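Several structures are given next for inspection.
Note that chain A is present in both complexes that follow, paired respectively with chain B and with chain C.
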Partner chain A sequence: MSESLLPPVIVGAGPAGIRAAERLVAAGLRPVVVDEAARWGGQIYRQPPDGGFTRPKSALYGFEAGKADAVHRAMAAIRDRVDYRPRTLVWNCEAGALDLLSDGASETLPFSHLILATGATDRVLPFPGWTLPGVFTLGGSQVALKFQGCAVGRRVAFLGTGPLLYLVAYQYLKAGVEVAGVFDTTPFAAQARATAGMLRDPATLAKGLLFVGWLRAHGVPIHNGVRPVRAEGAERVDALVWRDARGQERRTSCDAVAFGLGLRSETQLADLAGCRFRFDEADRAWLPERDGAGRSSVAGVYLAGDGSGIAGADAAELAGERAALALLEDRGLPVEAARVKELDGRLARIAAFRRSLSAAFPFPADWADAIADDTMICRCEGITAGAVREVARSGQAREMNRAKALTRAGMGRCQGRMCSATTVELLSRTLGTGPDGVGRLRAQPPIKPLPVSAGAERREVA
Partner chain B sequence: MRERIECDVAIVGGGIVGGSAALFLRQAGLSVTLLERDWCGAKASGVNFGGVRRQGRPLEQLPLSQRAHAIWGRLPELLGTDAEYIRSGHLKLARSEPDLASLIDYRERSQGFGLGLEIVTGEEFRRRWPALGDRAIGGSLCPEDGHANPRLVSPAFARAAARLGAVVREQTPVDRVEKDGDRFVLLSGDVLEVRARFLLNTAGAWSRRVAEAFGEPVPLESLHPNMAVTEPLPRFLDVNIGVEGGGVYGRQVPRGNMVVGGGRGFALDADRARPQRDAVLTLMRDAAELFPQLRHAHVIRCWTGVEGYTPDRNPIVGPSRTTPGLFHAFGFSGAGFQIGPGVGQTLAELVTTGGTPMPLEPFRIDRFTPTA
Partner chain C sequence: MALLQRVAEQGRRVVRFTLDGRPVEALEGDTILTAMLTNGDRLRRTEFADTPRAGFCMMGACQDCWVRTEEGERLRACGTFIADGMRLVSGGEWTQ
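Take a look at the complex of A and B:
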């Protein structure tokens, strides 16, 4: 019984984690909120460093400022009723306890109930020149703006697909940066067709159209059906060479490229926690299973937000609260049935919308075929596309862990968090399977690099 | 429709022992079918520390180990890859006078096995390995020992065997094995039936089932050596390092990453294991003490594997005591990587000639059976 008395633990202080914490606090619990960042908000509503530059939220988040502010305030309001652990990395989950790293020391935190709101990072596929200085991910470009108050270049080309493509371009333009163009991999027709589905959520649709309209009104060229040819430059990128929808090769000068193909969930902790995974067609990824309330396959472990399937910040807020309600219910505490019903309804509508969103921004699967054999795909270990294709072609590797063992792709600092999307595509397309046919990398602790010195700096649980 | 394969030798387990046995049997012209439930060389053979070390082994293992040493020297010719094998030397450190004394004692006892051990202490020790911290007072160097990349070596044996015509079936668990007259019969689901005159049980931690099927129960226990690797660091260490009395071991790979091992992981189930937090943190602390260069480095990954251990930490190698034509080789107790190809060659020899000059008495499968 004493186990059930442990305070709930929430990993991640983004929209999902904050709304979960808020709901638990309202029920009289004092959750532990562990977050890697110095300030709450997550990636999407990331705050500038304390005492750094000051920019109004309207400039930092644009149309999203109101939501960002609400999420920030929600956390501020419960700040003294949660055990908040900023600047803390969860590096392992084992046998009902998390291992935390903060201020160089490791600490083991047992839990009976755990909400994983671990968020997402950019999904990228390489193209020739992608390792040139000046080429950034979309998410990275956005973080530079929100967190460091700087732009990745003076004249930036935005490439890829996904809602972030237009959002970040808009935010850059708004910050006074020249946008060299938006290079969308999605054919125009596909987008127009999918827009019909999006009418289920007119607000989000309006926002998306607003970005596009706003960019056009400011003279930003928007190209559909694009594929990258290469990023050019000697010391750093000075042009993006691309192929238009008619197959014409074109060149746009720029001093930075921001690119991404949607987001990918950070699932390593769910894996270490023992959650069962399933392949998700929409996200083109293996995701931890969760029911509508956010319960995983492991009792006491809940999943909320983009960390277990990409649905965006609004859904994350709802899912965070919903997971907290499930947790409360499982602890035998009263929950308001009407609120549960309302959240379930709204989450179901978002799920439907999300399906049309992935139709509007389809993953450009053929991109992987154009990656030249000598293009580096794993930057940590310097592994080329050709090396991965070779172990597939020669029959040595028919799944991800084997490809990793034989080529080292995914063995470096990032442990495959950045490159495995590429390895999946290269392997599966060489083998002629779908992306679900080559398995997924097994998570191993530490999920991010752990200082060796932490071994001598163990803190007892407070 | 169940596929049927008739062959001379069936091998259960595609690790470094089974893979090398398959290779040497094919070289001798026998037909071979190798069945592997996972991928060849993906278990303990492929995820071990990568030390290619004779020094420190019990003396009774040294003949097999020397035989293996000769095979390691021919890797490119046998496998078509050097698998990052380097004869860097293996340096076993002493942290105290008694530890140094036992290293000297081992050198005396192992004279005549060809290890060429060299005890280095004091000024010369500091001069030759200035990168090692103050923790060690000296060590014993085995100049021709070294290290290799197990992920590359172990699968390569089965692959080389396949190139010579061995039938290698991965993702093929053996569900039933029995002897029918003078033939062994192996079944994998209702997909595959293999019939063979000889059977090699080289299934590592999973070997017990095959042994038990022929009335040879063994006290085999699965344990999980704990390992970690750092990000690449400037080169500071050319030798493979062990420590007298155990604890921690380490090697720096050509790319610069430092691989260290020590302590034990835990079992997730019969097939899978994970590093254990206390073992990981203790390993990091001990490794940083031994290698001061690691103090500002990061561990990027920890891992472990599933390995079969015997009570006396010697492997089981040799003929079955119940069933003619069956040979066992498993239970290497965390030290099978270097010796593996020597054992594989010996198994091939047993099958083809009916005997071997290798002394296998200490590795009899029935040595644990309580005498009635």
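Take a look at the complex of A and C:
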């Protein structure tokens, strides 16, 4: 069989992966769609588990219910024309082949054309007490509500920055949960200035203002320019201690903290696929290079959605379809030029809006300087901020991978997903470089832990 | 005391399992994380610091929600569903 005749493989069944699959199916191909979740939708449009869940989509997704439903239906409509592999982890990518794990068994899936739509998770920085039960990410707090009908606590403090901060606080309030407060790291003035740029997308701006208005109308205190001091509690959280914009230390009792500082892309598979990376100032992260169509630096490997740069769900849908069109074009199949032009135009408009959003919710870079040496930065192995600073100060490590070798930061079970933003800041600020000056953490297979038995059951599939 | 609070979807079939030897109930479609944290306030204690943990990201990234069964099997609590008769433990330190 000619290599070019292998079915395209899509990793991820969120908005990007589904729209990519839909476009490939429309062109007569039968893509393989591999997804770690049990049901399609990704994180933002994650569906509740099968059986017994009854909330309508309007309750689960709010203003985005129409979009969520459209994405879900798109996948349902092509279900019989894709090789859909739910509950399947892609744990490695080498030239022309993926290693999969499903139901405890590993197999190798060869590919000639691959679309990576791997999504994102919350970006976090540590503060004392952040490992206490009751401290969850903002995304995780939303998953609990949407996917399980649960709140992470009875009285929840929302801390950090980014659109999710106000969205999830609003969703909790609507679900009848007491919101102890919104603790926004962004100074009020910066947010007000950035709002002008957000007029490019009045609908999104209006939603954001509605969330804030709704929270205020229900007596939820909203504080700007906040920095966390610590989450307090012995066996679980019972308060958030924070510093207000004037530098005064304050304490808010709560039994949960939902926390996040925007999102970070899941780039491990692009790295293992050999894609070239560049430092992205807006995301403050190394991202795989992609052209406007979603082509990576590796022929046959395409990138779409938040997994290769944070742009949100609407952009992910467009980018997924755009990457599929690039793939079709590269396989010598006809593509509709007008559609390509339309997608490119819409993606460009979203990109401009995202820049305003980044200005409205900037990464609090000074936070890293306030992390005490004894603060645990690594949830996996309990490594402290001081350990990372020490290897930088002593000249032993001037970049991420050396620091990892010496301190084990980034070597634990999460492979740096939860600590690498911190390690970048600690290293670069100790060494006096920018965040782009300390290299990037290289991905290692398996990109997530495998059961010990998985290797023994490895089999090849044609 | 429960860490997670149910606010919706409470009409599902009851699933019975044991937590640290104690018979408890969850609902069909609960992850192990939800099942354990609606019946208690931690998933395990860490092997490094003996401090309680209850997961963090809930989407399979942080790897901080691994739990043990009485038989010693390790499960990722946010991505595994509860089933009748599971015997889960949240107490005590464990090592890899």
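Keep in mind that, in the parts below, the second predicted complex is superposed on the first by the 457 of 462 C-alpha atoms of A that agree within 3 Å, B and C clash if a C-alpha of one lies under 4 Å from a C-alpha of the other, contacts with A are read in each partner's own complex, and residues count from 1 in each chain.
Everything that follows uses one rule, which is that contacts are C-beta pairs under 8 Å (C-beta built on N, C-alpha and C of every residue); 3 or more make two chains touch, one makes a residue touch a chain.
Nothing here was measured: the structure is a model prediction, and the numbers come from that model.
Of the two partner chains, chain C is the only one that A:Arg55 touches; chain B does not reach it.
In the superposition on chain A, A:Gly104 contacts neither chain B nor chain C. Of the two partner chains, neither chain B nor chain C is touched by A:Pro221. Of the two partner chains placed by the overlay, only chain B lies in contact with A:Gln396; chain C stays clear of it. In the superposed pair of complexes, A:Pro449 makes contact with chain B and with chain C alike. In the superposed model, A:Arg413 makes contact with both chain B and chain C.
Comparing chain B with chain C, more residues of chain A are touched by C. Contact with neither chain B nor chain C is seen for A:Gly213 once the two complexes are overlaid on the shared chain.
Residue contacts after overlaying the shared chain place A:Gln43 against chain C, while chain B stays out of touching range. Touch criterion met: A:Phe136 reaches chain C, while chain B stays clear of it. For the contact definition in use here, the residues of chain A common to its chain B contact set and its chain C contact set are 381, 412-413, 449, 451. Across the complex, chain C is touched by residues 36, 43, 48-55, 59, 121-122, 131-137, 139-141, 143-145, 147-154, 175-177, 235-236, 255-256, 266, 376, 379-382, 412-414, 417-418, 448-449, 451 of chain A. Across the interface of their complex, chain B is touched by residues 92, 94-95, 97, 99, 106, 108, 272, 274, 381, 396, 401-402, 405-406, 411-413, 415, 444-446, 449-456, 458 of chain A.
Interface of chain C with chain A (complex): residues 3-13, 27-31, 34, 37-38, 41-42, 46, 48-49, 51-64, 66, 74, 78-79, 81.
Against chain A, the residues of chain B that register as touching in their complex are 39, 42, 46, 151-152, 155, 159, 230-231, 255, 266, 268, 274-277, 280-288, 294-303.
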